[in-house]
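Both complexes below contain chain A, partnered by chain B and then by chain C.
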Partner chain A sequence: MTPALKHMRRAAGYLLILLVTSFLIFVLIEAAPGDPAEIMLGTSAQADTVAALRADLGLDRPMMVRYASWIAGVVTGDLGQSYTYGTPVAELIGDRLAVTVPLTLLATIIAICISLPLGVWAGSRPGAVTDGVATVFSQFGIAVPNFWIGLLLILLFSLSLGWFPAGGFPGWDDGIDKGIMALILPSIALAIPQAAVLTRVTRAAVIEVANEDFVRTARAKGLGRNRALWLHTVPNALLPVVTMLGLQIPFLISGAVLVENVFTLPGIGTLAYQALSQRDLIVIQNVVLMFAIIVIVVNLIVDGLYAILDPRLRTRK
Partner chain B sequence: MPNRFTPIRNLACAVSTAALIAFAPTLSLAAGSVTFGQPVEPAGLDPTVGSAVASGEVTWQNIFEGLVAVDRDGEVVPQLASDWTIADGGLTYTFKLRPDVTFHNGVAFDSATAKFTLERIISDDSTNGQKALYTVIESIDAPDSTTLVLNLSQPSSNLLYWLGFPSAVMIEPSSVESNKSNPIGTGPFKFDEWRKGDRVLMSAYDGYWGEKPSLDAISARFISDPQAQAAAIMSHDIDVFAKFEAPELFAQFEADDSLATHVGVGEMEIVAGMNNTRPPFDDLRVRQALMMAVDRNILVQGVESGFGTPIGSHFSPASPYYVDLTSEYSFDVEKAKALLTEAGYPNGFEFTMKVPTRSYASRSAEILQALFTQIGVTANIESSDFPATWIQDVFKDTNYDMTIVGHAEPLDIGIYARHPYYFNYDNPEFDAVMHDIDAATTPDTRAAGFKKAQEIIGHDVPALFLYSAPKLGVWDAKLTGLWENGPVPSNDMTDVRWTE
Partner chain C sequence: MKRIPLNLWLGGLISTLLVGSAVLSRFWTPEDPIKMNILNRLKGPGDAGLLGADQIGRDVFSMIMAGGWTSLGIALTATIIGGSIGTLIGVTAAAKSGIFEKASGWINSVLFAFPPILSAILLGALLGPGGLTSIIAIGVFMIPVFTRISRGAAMQIWSRDYIKAAKMAGKGQALITIEHVLPNISAQLLVQFAIQTGLGILAEAGLSFLGMGIAPPTPSWGRMLADAQTYISTAPHLVLAPGIAIALAVLGLNLLGDGLRDLTDPRRKQAS
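Here is the complex of A and B:
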């Protein structure tokens, strides 16, 4: 099989996954109880008003027609109109990504900055005091939910010390500094559980690789302890760490839902939460589809990183 | 703080110190601006489309105004109509409109605009959630530009009140399609920007017909989480939270000198509705026995930290028509047991409470569950996602035994005369009283009607009447002019000013 054909087959596979996912999303959301028109009208509305609004929103069309028109729209880049906001969904999602993407990136950077040194440090001397510190940190970070960390950070840094805003987002137009200030506490809250998991994985990987023959050989040939660690152990320990980082991305996104709510950030998480509670079906469908796309793209990136980190995977045909 | 938090604190300290060096925090408060907090972001900013509650809480009286308005005391006052007369035994309403009113887009307000607005509310394809309140209007005439005549199919003593409500604000015809995201009204503030998911920005309108507001700019910020609401108000990120919904967090505001707290009376009655056609709730004695098993004072203490007023019928204690009926079926376990035995349930029974996912509802459910065990009744609690699942399952399909929900609309005792409605309660005598109230032509007959209506359902107990929710307001101590009570769900900023 030629490489081009292989790539095409792979791309077709991903498209099929997306199509099936989109249908599942649509059917699941349809099956959930709750009619958008009734929720928008409140408990005082009578049947004729509900029928008028359903017609207005296009909800009176058969289910398959609505699915087809959604997918046809997605393919041409038109994600439809939000029922509640009355504005294009693409615009809504775009605005919210301007908050969630920097938030998750910042959280990922913080998580890597904490976990990589801590994990390597702990794994290089198992049983030492530093290892104990790293273990306590990762136990704590895994056990404690991110929104609670968020509340503690608000109590300390916003209410007691007044260093950071207690929530909300001023928008990037008011200055990048203000925007970043608003994202620091939430990204720390989001990063700590991630950092905890990554610390644990890094520590385990470093311990495992450090016991491999090639590391012992390197040491026997007179390589210093630190040089062996950084030149031989760490590069080979990165593979499981990158895998875990990729696996953590969906958790990062779902974690953002809670953290964004605690910090009242207008990101994708709050959009998804609000759309779900108001049954803004078209918004939920598109947001969930976007999550699915993100997960697939992250998998592709992780596959690509494997090839860089492990040359053996490159040569496989 | 306990020692085990130290790793986090050190880490957070280090990161935030670094950030602090990079960016100096900026605290700014523009002179004459106020930010008010709101738990729910509205679905569109046009109160004449959909439910008027959340959209009205942002726009009513700020951006949009009506022919008349309901003021902070719950009284109907003139607004875009300076005067009116009611003739023909309550069948003809003639409004004299102000000649000097313009919309924010410069278009003049006149009787044709008013006619258009009201006709749109009662039209066949209307999507106004409160349409039923106005369908008594049969036809509308605009004989000249400042005169509007409403012809009614039957007298309706409530109509004037509902014309002062957010769902009947005046709309400029060319803005109908865009009002949802770019509202154009006649109010003292004009719409500037909606940062979706975050806030709505408004600023003073230079061409306002009435007295200019003191504030230059106002904004509404949407914060759904109670902890985040409390943090925002305590850090003065927002200035006002007019209806704070977590009473257990309210005490900390009272201790803060920079904040003023106000426990006002709201319009929301919390009731445990029962399915009146489903056994054993179809038996009047069972419903009365359950009512007597409820200690409303314990409930108010447990659910609302003592804020809130027990009620004995479906009426707000803030209303001039309110009658206190809490003593009719007051807490009495022995009497309740006796009545239950008489109804054929000496050993009690078991049923399910479908409880909406709201903290007041789930707390009330747990307390009711405990109280019911004293008369041998077992209540199983089932959580129902609110609003979506609850509206479908309980409200629309009436597939439930008992539920607990707050009714926020003012003067809404008429829901017990609505067929179908989720209580499945049907008492022709009550329906007749509601009809008489509508047809009342004097304040006295209207008051007598409301008294009778409260007594009938107070006796029939179609729902367990629990308490009237408080309107817990908290705002910057330097602000004046805010509404302390809540006859209409709103954040009227017209008279709000900073005192220094």
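Here is the complex of A and C:
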């Protein structure tokens, strides 16, 4: 089988997974109590008005037809109207993504900037003081909830020192710097648990690769300790780190829901959370699907990155 | 005699304290953890109880103890249920291979796309918030983790000589799995169980922080933090205790898991 065909087969598999996932979400939301038309019109509405709205929303059609039309809508970008906001769901999600995407990206960058040097440093001299520091950091970082880090950051940097806003988001129209300022504390809170996990993985990978024959050969040929580390060990140790980066996406997303809540950021997590309390089922349905798509697509990308980072996997069956 | 690793010591100690105080809270707490005492409202540590009092004068120390029972109860139940289902799928996939193995891989990919908070939002729409929603949401996320671990470990056991001998003795797949595979992967499962219970506590705290966890007035660490946020500028001490409790509990269970791993798998210890 050619590599291209293999990738296509894998992509088809993921597409199937996405369809199953979307059907699962649809069925669960379908089973949820509360009729959208009744929610929109309130309890005092006449029966025939409700029926008319149901027909208008297409709720009187058979379940499978509604599922098919939802999926068709997802593909074409028409996700329907929010029951409570009265605006198109796609527009709502788009607005909120302008907060959540920068937040998670910033958090990922911070996490990599902490964990890569710390993990390599610790792994290159196992048992040294720096290794101890990295181990303690990663143990604590994994154990501490990110929303609590958020609260502590607010306590220290907003309330005591007044360096950063304690929450809220001014939007990007007022200037990028104000938006970034509002995202710094939340992304640190989101980044620390990620950094802890990544430090751990990087350290273990560096130790493992450093014991491989090709590193010993490079050293025997007279390559300096640091050159061998950065030219031979680290590039080969990146594979498990990238895998972990992909595996962490679900945690990053759930973390974002919590951190957005702490800092009252109008992101996608807040949208989903508010939709739950307002029983805006169509928003929940679409947001959850979007999260699932992100997780699955990132996994597909991570699979693809393997082949780039590890040439051995290209020829292997 | 083997030396007991430091992380096992520490982890064991913290975990014992956690379980001990959670169980103790069922019989005794310094004050009734749900009793209001408005005179003590927002009083600091020492002025009212060991850790102060919250916005309606409840004793924070007692709430921490009782909250431990909530957290541990939900996390343990979710991990036991999710872990059993995951392990069952994992060892079956290792024994059967073929279409079942493929199918279990797909199921995992689907479940993996649902982190606890997302499942809870989805389930919250169906069942409403509460303890049951938390347990299912957390338990669902445990399934793929245990499937992956148990399948990998079981496949290694299946390639051993004594399995060949058992096959030749005429034992079926189910019997081999029960008699040989499960006992030999139990140590790895136990390690994972400790670590996942810790993650379950983190997830439970997150859910109750968002108000999707167990209903008030049952004390929970996550909701204590949510309440504390409202009074963060007037009573910052309320932010500390629940967060430290969550972090200590998760740290203890993680150390316990790591320590058990070092103890049961000496090769890993050398590598790390």
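Basically, the second predicted complex is superposed on the first by the 264 of 317 C-alpha atoms of A that agree within 3 Å, B and C clash if a C-alpha of one lies under 4 Å from a C-alpha of the other, contacts with A are read in each partner's own complex, and residues count from 1 in each chain.
Throughout what follows, contacts are C-beta pairs under 8 Å (C-beta built on N, C-alpha and C of every residue); 3 or more make two chains touch, one makes a residue touch a chain.
Since the model is a prediction, treat every value here as computed from it, not as a measurement.
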After superposition on the shared chain, which partner residues are touched by A:Glu212: those of chain B (first), chain C (second), both, or neither? neither
For A:Leu152, is the partner it touches chain B (first), chain C (second), both, or none of the two (neither)? both
Does chain B (first) or chain C (second) touch A:Phe291, or do both, or does neither? second
After superposition on the shared chain, which partner residues are touched by A:Asp78: those of chain B (first), chain C (second), both, or neither? neither
Output check: A:Ala32 vs chain B and chain C. Expected answer is one of first, second, both, neither. What do you get? both
For A:Arg279, is the partner it touches chain B (first), chain C (second), both, or none of the two (neither)? both
Of the two partners chain B and chain C, more of chain A gets touched by chain B
Report for A:Ala204: first if it touches chain B alone, second if chain C alone, otherwise both or neither. second
Take the contacts of chain A with chain B and those with chain C, and give the residues found in both. 32-33, 140, 151-152, 154-155, 159, 261-262, 279
In their shared complex, chain C is touched by residues of chain A numbered 13-14, 16-17, 20-21, 24-25, 28-29, 31-33, 126, 139-140, 142-145, 147-148, 151-152, 154-155, 159, 204, 207-208, 250-251, 253-254, 257-258, 261-262, 272-273, 275-276, 279, 281, 284, 287-288, 291-292, 295-296, 299
Within the complex, which stretch of chain C touches chain A? 106, 109-110, 112-118, 121-126, 141, 198, 202-203, 205-206, 209-210, 212, 225, 228-229, 232-233, 236, 239, 242-243, 246-248, 250-251, 254-255, 271-272
Which part of chain B faces chain A closely enough to touch in the complex? 4-5, 7-9, 11-12, 15-16, 19-20, 22-23, 25-26, 41, 43-44, 50-53, 124-133, 180-181, 195-199, 221-225, 227-228, 231-232, 234-235, 237, 385, 387-389, 391-393, 395-396, 407, 409, 412
Flag every residue of chain A that touches chain B in the complex, lowest number first. 32-35, 38-46, 48-49, 52-53, 55-56, 83-87, 92, 95-96, 110, 114, 133, 136-137, 140, 149, 151-159, 162-169, 171, 177-178, 180-181, 184-185, 188, 192, 261-264, 266-267, 270-271, 274, 277-280
